[in-house]
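Shared chain: chain A. Partners: chain B in the first complex, chain C in the second.
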Partner chain A sequence: MTEHASRWLAPDERAEVALVLNGENAVLEAEPRRTLADAVRATGLTGTHLGCEHGVCGACTVLLDDEPVRSCLVLAVQAAGRRVDTVERLAAGGTLHPVQEAFLRHRALQCGFCTPGFVVLAEWLARREPDASEERVGEVVSSSLCRCTGYAPILAAVRDALGRR
Partner chain B sequence: MSRTPHRAVGDDAPRRLDATLVSGAGCFVADVVRPRLAWARVVRSPLAHARLLAVRRGPALAAPGVVAVIAADDVPDVRIPIRIPFGALPEAEGALQPLLARDVVRYVGEPVAVVVAEDPGAAEDAAELVELELDELEPALDLERAPELVRIAARHGDVDDAFARADVVVRRRLGFQRQTAAPLEARGLVAEPGEDGRLTIWGAAKVKHWNRQTTAALLGLAPEALRLVEVDVGGGFGARGELYPEDVLVPFLALELGRPVKWVEDRAEHLVAANHAREQLHEIELAASADGRLLAFRDRSWCDQGAYVRTQGLLPAMLPGDHLPGPYAWEAFAVESAAVRTNRTPVGTYRAPGMTEATFVRERLVDLLAAELALDPVELRRRNLIAGEAIPFTFDRGPDVPPIVYESGDFAGDFERLLDVAGYDTIRREVADRRARGETVGVGVAAGVELGAIGPFEDAWVHVDPDGTVVVRCGVASLGQGVETVLAQIAADELAVELERVVVRHHDTDEIASGFGSYASRSTVVAGNAVALAARALRERAQADGLPLEAAGEVAARFEKAHPSFSFGAALSIVAVDAETGVVRSERHVVAHDVGRAVNPALLRGQLVGAAAQGIGAALYEELPYDEAGQPLAISLADYLLPTAGELPPIEVVVIEHPTAGNPLGVKGGGEAGMVTAPAAVANAVGDALGGAGAQLERLPLSPPRIRALLRGPTGLSTGSTDSETVEGET
Partner chain C sequence: MKPPPFAYARARSVDEALDLLAEAGDDAKPLAGGQSLMPLLAYRLLRPTHLVDLGGIAGLDAVERRAGEVELGALVRHVELERAGLGLLSEAAGLIGHLPIRMRGTLGGSLAHADPSAELPVAALASGAQVVLRSRRGDRLVGADAFFVGPFTTAIEPDELLVAVRVPAAPPEARTAFEELAIRTGDFALASVAVAVGEAHVRIVLGGVAPAPVRAGAAEAVVKDGGLEDDAIAAAAAAAARECDPPDDPLVGRAYRRELAAVLVARALRRCRGSEAE
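For the complex of A and B:
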């Protein structure tokens, strides 16, 4: 337990949340009730989208210490001292990540609003479980909502991303 | 310039925005940030129906960071008008929605006040402090007893005579549930007054130009005083982009406060504030001859308008008369639809409005008739679908109602294509084998027509910059469907240039003089043909004058379309039912549609699959129920169940191309087609699986409680279960 997490904050007091955001040290200013999603978006990283703000749709999925979380259900202060990775990290340097290339190849997006959440989730799965079965891919993809595609191209893109790693 | 060997039309060109969107680099309205931004939060009615005696704003005004609190007396006493001319009957006039509730609140979620504060949290906190004094009134919730705004009738032929000659008549009461489009991005707006006194509004979608003109009129401004800008839009499906109270309130506040104001809707708001759709009850009877010839039908329906008539007017009650006849050669029909006003969220359109509900009602009856006649449902349809040689085909509806004209296609032939591709005979055998092994499985089909390509016209402008960039300007809206890619392909094809050289500008009302927008499967047909005409004229002008395209200036063209077009579609669905839990599993879905000509087949398939996926959601999961006090019971995405990858089956597409002579490109609409037949096909598959019990199926969605109730019914299969549970969700 780090020291800064052990003090009570007033509701309107702004905490300085030091963390590693997309591989860089960063400090987010956030009152205790601010969600990680809002705090990350306030830094200009607006690829993390809010589709429901109650943890169902998955558009706001980010990695927290390398595990996917719904950033609308995590408070910014809970990220203190931890690593947060958003969709923006994947194409850092202007080159699309192989998972993103797979999404393009399979036309796995229409409006694109849910896409960052799926891409973050898919990259995590490809790295963590490169041998994931078809059933496991379906299970992971079924955790998030897409209203446009009917999911088949997303499933195909994720399978492809796994196969090519 | 020589024509490139590669034709852009007909090519699976990649979409232009994908690389940006997949990187998270898109700009959606919530991402728009301006200096000195103030945030709006809408205070909404907590009751379905009540007298509004007072709005006490003192405590909210005193809260930290609050800039303003407004209620009805602070805003213009105007009503949001109807956008669609034929939906604007005089009976709707008294039911239009004010910007903020005046004297009475009429649905849970109705805007009553708006709080503006320095940050979104402060606005939301202060909104909780606005006190509403409400005197509760009885809500109207029952469709058959709610006040009727108008009854709309359509007739063809001699119905009484046809029924008198019938050998078989089947009747049912069938209900389609309340739904909403539920795009993954909820609504939002940013409005900013400029130094020149003009106002820029980000967050427009679907119908920018009408919204600009109407917002200006409601605020007493000239249309030129407003600039509407479309940023990336996270799905539309009919609901996003219509003119809602917030679309006028946010610009009003920005002008009043002299600073930019931002409003981003949350999901709980969206589910009560954005348009709902679909809720209808039908009493239908269908007459046929003993040899399976469909003669006539009569239908009475109650179509919920909700608490107000919104921008799409009385469309819900006008559409059954257009869509119930469908693809069969009826001798006669009579349709009477009541628009009823209830104390629920107002009803607008959602992908394939009217046609989806009508197709469910008609196609269920066709299946019930097939059972009555001991005919295969496929065979019954074969005997009645309008054949290619009978098209163009017209249903005359008397002097006061425009006829229904099917201008091109081959309904009977297209239906056979679906059956061939799906392998119907094999499926039938497999279903029989599985039933013999004790499984509760079924196959269902449905046929329907999509109405699309609505006019009246679209304008397009094309010129070529000195660097060779082809600039296409057109007032359509990009909602995720890929219209900018399709229009670029059409321009590239006409000008014989590489696709990469074409840019499509559609985002900004300052750059585009006019536009009707994107709805009713119209963009590829109406805007696409306008772009084709403009590009062709530019090429001809350059050739005639011996000039390069770059020197030929800008050419404008208009494509006019006096009547909408209908195109045929059909679907086949296979389901398995768990007889114990009542869970229906969609195993396979095949959708066929006549698109005339596919400009970008891959994008078109994406539209058909996506729409069919939503239709399966309608059949099995999605519903917006209310309790007896008019409180909405689905106020989160944990209640309003959008299908996930775990529920949806593989969806196959059969793209049929019978080009129409009705426009130069030969294209027909396709954005909604996958939806039209999906709920009907799934419901027929469930009906098939349940056998006799399925005949009593009368309302969607086919949720586990409804399926269990059907199975327990008097004619139902015995499940061996002795439980006495009540049926949740039945009201």
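For the complex of A and C:
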């Protein structure tokens, strides 16, 4: 019975979760129930926003091993040994990423709360699927919710980021 | 909206996962992609005492193509299923939620969760799939027709873990189509339909219009006898509508869902005939 007892992390016990965060080795302290989103924000990287906290809004989108995921639906302990990239990495060095410039140019944000999720998603799409069809662009962009813009400027910005007008 | 407290362990093998689950008792849950479990935790609809993370089990995401069938590991993700060229299961996988959800969600997780509105249970039943349930007693094969018992309820026993799904190879002439209607892209479908038509078999499965995915036997019989002529398709669609037992909720009434089942069956059958572009 106690053979695996040491394998359990108790509910209030903090694990040291070693991962690569925005290109740097990092250790997140997290008890089992802590989400990746909360653990990342606790390091001061508050660009990852929490809107709905149940996987619907997409504001918390980050890249996990270079794939967009909802960080509110991933436990911090599940990210051990993996690569996590947040919106902060895009403007590392203080210069906006071309995708962020496109969002500015097209006024694709108003209150800005959802923007980090859209920008992370759009940067991934532009890099991984530069030839995505219009339908695919629409489908991917529909992953996140925006309550201000009505989406047209966001779609325009993403098309621009993919080199289209 | 934070998950309630639970103990956590990461299993390195299926055997270890079974041990950990046994040791943790009745209120332990396995964790795969977490795309259904995490929202349930956030809403506190579920308060497991222990979670056993299956994510570190090597090989549980394998796709093995054998003579006459494909075996999919429980951790095959929806994005991988989309690209696996598996007819109904691949088409259905592409309709699940949104891209970031499909990056994490798994086949085994979706089948074990058995949401009555989910796509993969419908596609699995129409594909004639079997699930492999493992326990310390050994492996047990359960056909999809016996696996889905009701809403969020399956044939999985408390000491069992869903480890794989076996899908028989479709005969070369077989045609399949998956159709659904959701209010917004990525939402759960109000109703869905999976159809497989071959020389020797017809399967018409309805989703979202009964407590669990249901085969429309009378509709299947119409197609077996009458083929895919317009009249037969209309008769099959009407039969399917009579065979379902849709929920009645404030947004979408029973009659509407019933009508929707008929429309989707007709649409899917016309696609199998090849006379309607996707």
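Here, the second predicted complex is superposed on the first by the 157 of 165 C-alpha atoms of A that agree within 3 Å, B and C clash if a C-alpha of one lies under 4 Å from a C-alpha of the other, contacts with A are read in each partner's own complex, and residues count from 1 in each chain.
The rule is simple: a contact is a pair of C-beta atoms (placed from the backbone, for glycine too) under 8 Å apart; a residue touches a chain by one contact, two chains touch by 3 or more.
As the structure is a computational prediction, the values presented were derived from the model and not from experiment.
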Determine, under the contact definition given at the top, whether A:Pro153 touches first (chain B), second (chain C), both, or neither. first
Does chain B (first) or chain C (second) touch A:Glu139, or do both, or does neither? both
Of chain B and chain C, the partner touching more residues of chain A is B
Check whether A:Pro98 is in contact with chain B, with chain C, with both or with neither, and answer first, second, both or neither. neither
If you stack the two complexes on chain A, which partner ends up touching A:Glu53: first (chain B), second (chain C), both, or neither? both
Using the superposition on chain A described above, determine whether A:Val74 touches chain B (first), chain C (second), both, or neither. second
For chain A, which residues belong to both interfaces, chain B and chain C? 12, 31, 33, 52-54, 139, 142-143
List of chain A residues in touch with chain B within their complex: 12, 31, 33-34, 41, 45-54, 56-57, 59, 86-88, 90-91, 96, 100, 103-104, 107, 109-116, 119, 138-139, 141-155
If you look only at chain C, which of its residues touch chain A in the complex? 1-10, 16, 19-20, 23-24, 31, 34-35, 38-39, 41-43, 50-51, 53, 55, 79, 98-101, 103-104, 184-186
Which residues of chain B touch chain A once you look at their complex with the stated criterion? 14-15, 17-28, 30-31, 64, 121, 182-186, 232-237, 266-268, 479-482, 602-603, 606, 609-610, 612-614, 636-638, 642, 644-648, 650-651
Under the definition above, what is the set of chain A residues touching chain C in their complex? 1, 3-5, 7-12, 15, 31-33, 35, 38, 52-55, 58, 61, 64, 67-70, 72-75, 77-78, 80, 121, 139-140, 142-143
